[in-house]
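Presented below are the structures under discussion, each in the form of structure tokens.
Both complexes below contain chain A, partnered by chain B and then by chain C.
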Partner chain A sequence: MPSAGTPTAAPRRGGRRMRPSRLLFVLITVGLPMVLYLGLVIWPFLQAIYYSLTNWGGFSSSMDFIGLDNYKAIFSDDVFMKALRNNVILAILVPLVTVVLSFVLATMVTVGGSTTGAVRGLKGSSIYRVVSFFPYTIPAIVIGLIWAQMYDPSKGIVNGLLTHLPFGLGDRFNSFAWLGETATAMPASIFVIVWGFVGFYMVLFVAAIKGIPAELYDAARIDGAGRLRTMFSVTLPMIRETVQTAYIYLGVLALDAFVYMAALNPTGGPDNSTLVMSQDLFKTAFSQGQYGRASAMGVVLAAVTLLFAALVFGVNRLLGGKSDK
Partner chain B sequence: MATVTYDEATRVYPGADVASVDKLNIDIQDGEFLVLVGPSGSGKSTALRMLAGLEEVNEGRILIGDRDVTNLSPKDRDVAMVFQNYALYPHMTVADNMGFALKIAGVPKSEIRSRVVEAAKILDLEPFLDRKPKALSGGQRQRVAMGRAIVRSPQVFLMDEPLSNLDAKLRVQTRTQIASLQRRLGVTTVYVTHDQVEAMTMGDRVAVLKDGLLQQLDTPRRMYDHPNNVFVAGFIGSPAMNLLEVPVTEGGVKLGSIVHPVKRDPLAKTGDKVIVGIRPEDLTPASEGGIPVEVDVVEELGADAYVYGRTDVGGESDKQIVARVDGRQVPDKGQTIHFVPKGEGDHLHLFDPESGERLGD
Partner chain C sequence: MAQSNFAVNRRTVLRAALAAGITLPISGALASCAGGGSSGGSGGQSTGKTSANNPFGMADKSSVDAVIFNGGYGVDYVTFAGKIVEKNHAGSTVKVSPSTQISQQLQPRFVSGNPPDLIDDSGAQSIGVNTIASQLEDLAPVLEANNLEGTKIADTLYPGVKERGMVGDKMLVLNYVMTIYGLWYSASLFEANGWQPPKTWDDLIDLGAKAKSKGKYLFCWGKEAATYYQTMVMDSAIKEGGDEVRLALENLKPGCWSLPAVQGVLKKMEQIVKAGYMKPGGAGTQFTAAQAQWSKDQAAILYPSGSWIENEMKSQTKAGFKMTGIPDPTLTSSSKMPFEALNAAPGEQFIVPTKAKNGAGGKEVLRAMLSKDAATNFAKTKLAPTIVKGTVPSDGFGSTALQSQIKMLDAAGEKVFNIRFVDLYGTNPDMLVPWNSFLSGQLDAAGLTKALQGITDKVAKDSSVKKVDIK
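Now for the complex of A and B:
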């Protein structure tokens, strides 16, 4: 029956050319997001790069193409370089301290309890899980303002407590300006950011640790692994992806850090010791009206951020490759 | 190598009213293969985890050799465990998995390597030493888990349903391997399973648990021939023993239309009814009399066949009966055949209908 094949073949041949409904589907699901992405992400990005090569003031329609002059200017500008340096310090310390603290805490509340009996967290630690999440629910600007008050040299609670230290140690904190000294302004600011995020990342890590089969911890304990060994040989490798993600998020946050820094030290701190790039960018664009130059700063910020993410991925792969062997 | 002793060991989970393991007493000999068997929720895994130190002991003691390990942490007990899902470290190679405990114990690298290779040889794992667990089949993973236990040469092996994730054929094969490996190494082993066939084929002795209580502790043979109560009788053996509640009459028990003679002494302890247990192989077809069984299904296994049918016995209707018959003379479905106990009733088991306890020897 040679004709039997024809009817089944017909719709297939028709399918080669896209039917209108199918075309519409593709346009909506693939085309629309692509257009939005191009229009709202890629285009502004390219635009910013273009502006960074001009002397545009932001409000006039006149702009001249000046090549890399803006970049030359900001890289020879001590203030911007200091801001860049501060951002790099933040990007190194904030993720490191936050991830380490929240990882240790997460381990303690999930698997760090008694070494006999079933694997469990420390006694009564579930309360801490809730309490430590609180800071994350407070808006960043509020956190900044609260801590600015707490660090206040004469009325702040920090000095209020520290001045009561015994053996004359307390006297040193009389009217000590935490945010007004070049030596302490940056560490004090880092502390605030870390304080705000440890709880959240702890909860994130707790969720990841809960996903590890309990049998694995049983096996580790029978193999003789103590708390530290279990942490490094079981927990960390098992939640490595989560740690990497947390690290990148925190790094991106630290490379911005605008809200915290602006709330704690609006002008960049003593001797610009807490000034960050986004603050400098803001000032350059909106106070000084140098949009071209501010755009160049933005491009540098974006480049540093991408570099940071690439670095974290690279390091993770390198370490992973090592322990895999 | 050591003995293991459960001395009134009890575990009550927080918030639970009843004990998951209730006053467990078992003495395990040095080098013995003991199987803990029972249905889910019987407390067999809990009992094993108590020995491992992964579960607290609320009352009583657990000893390994002469050491009281009740309050020791798992790492100080010198036991190795094989888990149901193997619990291999996914980020480590097979060799690292097997050598992890030795590494923690501070054994020199060269010695770790040689011990791992030695164990890998025994288990045919040599080609896979540098692979990660995810690149292995289920059977290979199971062997790695075994290897991890062997490498440590511990005092006691603990195995928590290590075969339940294997397919049927591999399970039978691995069952024999584990049993022979254990005989060769001579390490005291406690093995948990829900599968009574595994229990019967592997164990030197078998402990049957139900609801946290030890029902019987015996050799597989004795367990089969002399179940202590109705539960053990029904649990051990496949297909299960027929348990019929029948009237007691003068000189014996009434099985359908016949009176089967049994000794007087055991019957003296019960009322006018008794539970009679007859294994499928202890029933034989008779021309008439005995228990009339209407055949539902016939399972032909070649040499033998199992007849599954229903009968009305001792006031109960549609009671399920299983009997083993000659594979060459199988009845038809729907046919009614009469079964009587083989011989003089030496293989008849009598249980008290109230307590379920065994009557007589």
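Now for the complex of A and C:
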């Protein structure tokens, strides 16, 4: 219709051969991103995999091919295995806690309000939304540094408040090293990550819940469903895709976690209890000069991340298949 | 709709962040592709004629490219020496570039065969020297040359400079700043309480009790610096057992942490921890905050550290603190080395790459730095002695810490040693972990011994790590 004036944009009926302008269009829209993708994403990946099979030290162009020795070395290295384990713990707990918490909060501010009249959130919900989104606007490294100070055993605000607890409870927090005890270092670090992300995912879920037709809630309410029942039987199934997406992003973030962990516990925490793979990778490359081995760690990290994403997709499909019926 | 766009952006960001983590090690190699095989031997070297005023044959009107670690000492002391070189070699220029990420920034330049002419390879992100040993110049000729006043440089230095710089059979590193390890305290605080600076571990334990009665702790520590206590323990153990202990540790011998001298000291340290003389919470405290507990709050009365401590805590030291250093304590009266023996290691590693375009120029800058004017300038402005003797007047430019450093060095004479394996093999991050547990009382001396032995054994057995034979 509008193409009538321009002969080059003729209808494609019967024409299997591309016209030059169309070819140009395809090259620009598909070819250019493809080249960028191959050059900046795929090629470095392949290079990393290649380096992981060498003993490259990082400071010369010479390296020997050593097969899978790097992988053997890192899988028999208890420090790396501990870092891998910590990453798995993070990948399980961080998304779970964040998603549950932000889903509950999102429900409260959108559909958790009064049960009479139109479906709506709690009073003053926009204030809660702003307040809880606020941490997300602060860069991760700043969050890490602020919390590292707040957790300081002698002068941090956390112990400053806790030591005033009554009945002698407060004494237990005198100079208590939140980031220095094996039992608390990891939970304290997870708390910081969750604190930083709950607001963002709450807003994400709020947007998804707003897209659910109000009639569904009205119908559920007429049928006698309470708040909890509505949450699990209406809200959750309707925003399942968003929850899955949130789960994957948070998992990828937890598998990296470099910035938070490096700011909170640059040395890996007591007994390496907060060391993550990316920190071990950084140390192996830059302070021990074993770039080949560090590349192998990177490859393992990438593989674990892909595996995690596949797992979340798989679980969602399994659960989704049931509720679709 | 808008929602899903946002989500895509978010994912891209996350993926980019992840990719950055993975591709970090590769960036150097990519740069090497860009460099395009310019790594042909030492082709870039341009040299002029050697003469008395130009012992390394720095080319006329050439430029020197120096990359200097911009840490506690800054870079202006190299600029100062550069000015001297520019004056002595009219038409030549010395460009000093500060850097805090030596390893990351210079890695691509090494790979592409275009390294700078002089590097101060120091700081947390320094390059492990044994990983680039084959690409570095022998700096022994610098010590053999005369300084700008006409004296042979080797004759003007404190002992241990050459030994500390040896990698294999060549002196590849010239460490410029004299660093003295010991215990630091406030002379005014000790005077006010009538305390004597401790000379033995038993003195230390007595002092711990006295401090406790005044509501103070003997020591405090920070999580990134827990291994300062490892240095103190090793120093004492080396004084107790002599070179035999030092060489066992340095060459990562099996069972080195179980030697009687090491164990004797560790037992005493354990006693201090168990008696509650350590300020609790160190494993969760950032190290400069912990150091301020000693220098400002005076919650702890002693701190084991290197002599950089005065400069590092300058802005957070109580007025009238009178910071003073003493050597690390001895274990028994029959120790192989006396109390005065000192762990004094020159630090700030200067290196000259073989493939540098103007390596002779780099050495010429070093020669200027080792001459009287530049060395005195350093001591005066940084309040730390260089490896050049006799640049600090007895008033220590008004610093009690500097006075005590010179006093310790003079008292030690030739009885100076140092410990290199931790830096050589980059094991400090691993060692911090058990030390933090030990100092907070979660691990006993036996557990610490086992953990440390595990770390040294791992390096010793790893055939991909090149070992340096230390004598």
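In this text, the second predicted complex is superposed on the first by the 307 of 325 C-alpha atoms of A that agree within 3 Å, B and C clash if a C-alpha of one lies under 4 Å from a C-alpha of the other, contacts with A are read in each partner's own complex, and residues count from 1 in each chain.
Criterion: a contact is a pair of C-beta atoms (placed from the backbone, for glycine too) under 8 Å apart; a residue touches a chain by one contact, two chains touch by 3 or more.
Because the structure is predicted, anything quoted here is derived from the model rather than measured.
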| item | value |
| --- | --- |
| Partner chain in contact with A:83 - chain B first, chain C second, else both or neither | neither |
| Partner touching more residues of chain A, whether chain B or chain C | C |
| First (chain B), second (chain C), both or neither touched by A:233 | first |
| Which superposed partner A:224 touches (first chain B, second chain C, both, neither) | first |
| Touched partner set for A:243, first chain B, second chain C, both or neither | neither |
| Partner chain(s) touched by A:105 [first = chain B, second = chain C, both, neither] | neither |
| Which of chain B and chain C A:285 touches, first, second, both or neither | second |
| Touched partner set for A:263, first chain B, second chain C, both or neither | neither |
| Intersection of the chain A residues that touch chain B with those that touch chain C | none |
| Residues of chain A defined as touching chain B within the complex | 115-119, 213, 215-216, 218-226, 229, 233-234, 237-238, 240, 323-324 |
| Sites on chain B touched by chain A in the complex | 49, 52-56, 71-75, 79-81, 83-85, 87-91, 93, 100-101, 104-105, 132, 148, 152 |
| Touching residues (chain side chain A, partner chain C) in the complex | 41, 44-45, 47-48, 51, 55-61, 69, 73, 77, 79, 148-149, 151-155, 174-182, 185, 204, 207-208, 211, 245, 249, 252-253, 255-256, 258, 265-272, 278, 281-283, 285-291, 293-295, 298-299, 301-302, 305 |
| Complex contact set, residues of chain C against chain A | 3, 7, 10-11, 14-15, 17-19, 21-26, 28-30, 32, 39, 103-104, 107, 110-113, 124-125, 127-128, 130-132, 134-135, 223-224, 279-286, 289, 293, 299, 425-426, 428-430, 432-434, 436-437, 440, 442, 458, 462, 464-465 |
